[in-house]
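Labels run A, B, C and D following the written order; every chain starts at residue 1.
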Amino acid sequence: MSIFIDTSTRLAVQGITGRDGSFHTQQMVEYGTNVVAGVTPGKGGQSFEAGDRSIPIFNTMDEAVQATGANASVVYVPPAFASGAIMEAADSGVDLVVAITEGIPVQDMTRAYAFVRDRGARLLGPNCPGLISPGKGKVGIIPAQITTEGPVGVVSRSGTLTYEAVHQLTEAGIGQTTCVGIGGDPIIGTNFIDCLEAFTADPDTRAVVMIGEIGGTDEQEAAAWVKANMDIPVVGFIAGQTAPPGRTMGHAGAIISGSAGTAEEKIRVFEENGIAVARRPVDIRDLIKEALGL
Amino acid sequence: MSIFIDTSTRLAVQGITGRDGSFHTQQMVEYGTNVVAGVTPGKGGQSFEAGDRSIPIFNTMDEAVQATGANASVVYVPPAFASGAIMEAADSGVDLVVAITEGIPVQDMTRAYAFVRDRGARLLGPNCPGLISPGKGKVGIIPAQITTEGPVGVVSRSGTLTYEAVHQLTEAGIGQTTCVGIGGDPIIGTNFIDCLEAFTADPDTRAVVMIGEIGGTDEQEAAAWVKANMDIPVVGFIAGQTAPPGRTMGHAGAIISGSAGTAEEKIRVFEENGIAVARRPVDIRDLIKEALGL
Amino acid sequence: MDIHEYQAKEIFIKAGLPVPPGDVATTPAEAETLAKELGGRVVVKAQVHTGGRGKAGGVKLASSPEEARGHAEAILGMSINGLTVQKVLITPAEDISSEAYVGVLIDRKKQSATFMVSPEGGVDIEAVAETNPDAILRVPVDPRYGLLPHQAYRMATFLYEDPKLVKQATRVMHQLYTAFSDNSCSLAEINPLIVTPEGDVKAIDAKVSIDDNALPALPEVAAYRDTDAEPPSETKAREAALSFVKLDGNVGCCVNGAGLAMATMDLVKYYGGDPANFLDIGGSSNPDKVVAALEIITADPNVKVILFNIFGGITRCDDVANGIVEATKRIDIQTPIYIRLTGTNETEALAILKDAGFSAYTSMDEVVETAVQFAAQA
Amino acid sequence: MDIHEYQAKEIFIKAGLPVPPGDVATTPAEAETLAKELGGRVVVKAQVHTGGRGKAGGVKLASSPEEARGHAEAILGMSINGLTVQKVLITPAEDISSEAYVGVLIDRKKQSATFMVSPEGGVDIEAVAETNPDAILRVPVDPRYGLLPHQAYRMATFLYEDPKLVKQATRVMHQLYTAFSDNSCSLAEINPLIVTPEGDVKAIDAKVSIDDNALPALPEVAAYRDTDAEPPSETKAREAALSFVKLDGNVGCCVNGAGLAMATMDLVKYYGGDPANFLDIGGSSNPDKVVAALEIITADPNVKVILFNIFGGITRCDDVANGIVEATKRIDIQTPIYIRLTGTNETEALAILKDAGFSAYTSMDEVVETAVQFAAQA
């Protein structure tokens, strides 16, 4: 099993003709993801060739959904248009919208996210790498070759740090049910707890890796949730122990304000709630091995 | 029984110190309505004397609800502040907001009504006379002395025309379960069908009077709903047979545009759907008598 | 409140819409000067609050400033649907490749502003709705979010295929919605939205109605009111906060509540009479309003009888009674008055009227039938 | 992006907030002139992007234009938290009856803008939050509706009892929210909002941060950027679209992705080293970015070794490899470079680096440990 996506996922790619959209559509199709439609305003009627697949391009998500039955979308459009694209996707009736785009104005996102909630869809991101369910499909930009099927769920605020952790798990022969990057922006659609809930409901997930960073208190809330609701082991990692307070560390959300949101505090709360904390990325692998009794 | 209000209704009056608010609070209290709070910004801490009751005044609806357990409100505040007052009421957690105020800008109402829906409350009005459940209580401005308890539900877009009809019923010894004025504005919170649904669910209501007017197609939709869903008799009246097209007849919503919305058309659709149509207000009484076999 | 085309254009220009230049003239000489300034062919358009200007000869093409002057001479002072033309708009004549319709209005059913767009522009959209409903796309705007980019784009693609036109039209949708929201419109309409042979999208006509309820908060828009363009009785009624519509009969009606007022008119007709007007004195009435109402009704020479029908809710019957007594003191009313009063403070009201020598009814049918009979005999 | 107090005041004034007059001076003479124009007592305030101005002596009261000149002389050029003061704001000294705090920021948990107000103003609000949390009212703003009238009123009554002050403060809430929304702020703060002895509510300090993501759409606000007020390395990084934060160590780090960058810094520390910087070359990287990154890192004389840690997702490893090769051609890099590359197009990247004579790692721990060891020996 997997969370959020599976073999019934029918994906529309918004911004399929752009540099990132076209590159990653190729990658997704290669991996076996069922990409059924592309959307680029003004290019409706054209098609996108990926391997032996010819994917129809539409001007709008509405047309894409009506013509292809798409039930999920991934957004690669530039930041100025991305919140509009997210709302368009939610309005078209898809269940899942994965927003890869980085640099969307935060106030645009507060509105767009409210809209997605009103329409009852799930938003992942923005400014996230998406998700992959090894052997079933991927939506976004996580490099598939570092993953393999198995019993570990991975959820992370970071992109490349997730790849690091997943890569090391895979090299050690430990596969994943689903790897989810939730993104590092202040306003995101899916948070740690949403993913933990989904992993808890997934019988195939037997352990979870949760990778956090400085800023906010999402990790602390997730830790409390883990203690109250989860029976399977959770291994944690927090990036930013050497980050100075008051400076934004790349992610708009990665900033230590006041005494809240330091790595030390998050590590403390993780451990307090029974989450084994890795000091180095490589330790994640070893703690998971231990947790699974391998 | 009754619809929307009953003896468990605990009413807050927004704008209790204004001319209309104070006058009608007196009337409501006299009739036995459980008015538990008044709200006038800047007058919190004072009280409003009505008969032998001393009603506490609060600055905000939140305070009123917290202090008194109010579960309904009625809005008498001036039009420029009325949509804000409606949203404040819905935000405070009351189930029912009855907006008497006339002259609220329509675009303000589109937003306010969306807000009330989001909060899960019922809005009646604006620009409506409110409602009365004879013997149980009244919210708004319907003169109580013209009503009496009995088996007829009354719903109307008009204020005074409703009084006319109710008055004649009462004089003929035919009482009412609830009389509801839904208001004549283009954007209203509760429409004919909402009321018909509630009357249908009320075992004490054995016949319904539905009073419409020119403009829009609400009456036509209600008529179709009656045919599809109601077993008890419905008597109808439509005002505006002599109204010229293209002119607003007092109510912002009472305007015949194109061929839709004429009185003739509405009367036709009423009759087509089994609703007996009164030609004069006084005929309403006679048709109801007939329907009830009196 | 309806405003003139040239005023609607000002609102459109503020919202950034592509509106050709132009200005308004009140004399043929002004029209000639404006046409000279614009150069080339111009259109001379009557500014009146009614449709059917074109058919009535109120819109003319002029090839020269002299011709513009001549057209203005013909159009100014012309009567269209009973309204006298006092201003003409002079605007360049555009070459037209295609005409579309774009409008926003308040949709009762959707409880929101709603766009209507159609590639069949330049004609009556009601007619298109009846003959070819598929040629109209309706897009409701969620008031919580306003017009969303994909909605504007979808409407633009409904009108045009060429991406360059789609881009311009998408912008037009947003601009029109801005005009609609910022000015509390009940209607904002471009008919036609044209494409020129050069591929420019332009709004060459503008129709805007403002929500009366919003006028107190919008002094700049309220200032667009042109009292010259409406009958004096309606101006007076509005200033007294009365709802009034002039009709052709001889029974003057003064009623509280729009529904009851219409029902009273209908009942006048039922008993064989003809209402002279719709008049709603509104809620929370005060004596001054009644005075104004009587002044307006008695100013109509057709009126043979005045009929009051008051059912007191928020309106107190004693206020109305005081108003009638007060009015008969202030103005000399020759026309007989038939009064029906019931509801809130009915007892006090009847006492006041009795003291002043009036007699009053409590049955609506009785008062209407009596008044109609009197009017028939007068 | 942080902007100066005097710039924030401009934004506040546009939103209608009651802000006392004042202007900015870059020389003592200008300060004196401004003080003379304002008349009476003035405050001379250092304009720097850091807190604690007051404690550092960057805010001074002057009773005369001459005194203002003297204070400006002392404050201009002063270093506060490592930043040199280049401008002072001259503003009238207000008499103060009470001080409150009003701020709006983006609240991650509520997923919306949120107001924080407190009657305990003029002090650090974080401190109030810790010592007296009940003195702070938090009000989230639903992005679908904006700040609602009853919310503004509720906050105003939390600050004041007097209805006249409540009325002014209610207006202030709406105006502050307008400033916050119209300028895509991540923070807009008035601390303190004062009441004068005459009963006037005034915003006498202004702090505003702008969402970096919104700057492309807000050229007027983006123009507020004061590159003199930030280290040149950060200006250069921003212009190259790199996320960069200068630190005090000697291991220069160049990583893709913020999380991995922080984890790399942490690992440097773990192995006993000290990172010289945080540097995220971002997604969709291109060779020019890598060149800029290397230029920024090598400009720091502390840097003994350069550490690349690249895990390819949206960033392609071959782009980074090309960038490194390109950079070493364009600029003379003496500092040794340790490279770790893995992920998308890893094979191509390793080939490129090999062709250019670089050797590369695939293990993060290995590369970090080796680089740290080298830095320790260098």
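Rule of thumb we're sticking to: a contact is a pair of C-beta atoms (placed from the backbone, for glycine too) under 8 Å apart; a residue touches a chain by one contact, two chains touch by 3 or more.
The structure displayed is predicted, hence computed values, not measured ones.
Visitor: Applying the touch definition from the top, give me the chains sitting in contact with each of subunit C and subunit D.
Guide: Expected: A, B.
Visitor: Go ahead and note the Å separation of the Cα centroids belonging to subunit A and subunit C.
Guide: That pair's centroid distance is 54 Å.
Visitor: Measuring from the mean C-alpha position of subunit A to the mean C-alpha position of subunit D, what distance in angstrom results?
Guide: The separation of the two C-alpha centroids amounts to 28 Å.
Visitor: Measuring centre to centre with CA averages, how many angstrom lie between subunit A and subunit B?
Guide: 50
Visitor: What are the residue numbers in subunit B that touch two or more other chains?
Guide: Only 111, 114-115, 118 qualify.
Visitor: Tell me, which residues of subunit D touch at least two other chains?
Guide: If we look for residues of subunit D contacting two or more partner chains, we find 144-145.
Visitor: Can you name every chain pair that touches?
Guide: Touching chain pairs, listed by label, come out as A-C, A-D, B-C, B-D, C-D.
Visitor: Which stretch or stretches of subunit D touch subunit B in the complex?
Guide: So the residues of subunit D touching subunit B come out as 144-145, 148-150, 153-154, 157, 163, 166.
Visitor: Give the list of subunit D residues in touch with subunit A in this complex.
Guide: Touch residues, subunit D against subunit A: 106, 108-109, 111-113, 126, 129-130, 142-144, 181, 184, 186, 211-214, 216-217, 243, 245, 247, 255-263, 265-270, 275, 278, 280, 282-284, 310-315, 342-344, 364-365.
Visitor: Enumerate the contact residues on subunit B facing subunit C in the complex.
Guide: Residue positions touching the partner: 19-20, 24, 27, 79-80, 100, 102-108, 110-111, 113-115, 118, 129, 141-143, 146, 156-164, 167, 184, 186-187, 211, 213-214, 216-218, 237, 239-244, 247-254, 257-259, 263, 279-282.
Visitor: Across the complex, what residues on subunit D touch subunit C?
Guide: Listed in rising order, the residues of subunit D that touch subunit C are 144-145.
Visitor: In their complex, what parts of subunit A are in touch with subunit C?
Guide: Those in contact with subunit C are residues 41-42, 59-62, 81, 84-85, 87-88, 91, 111, 114-115, 118.
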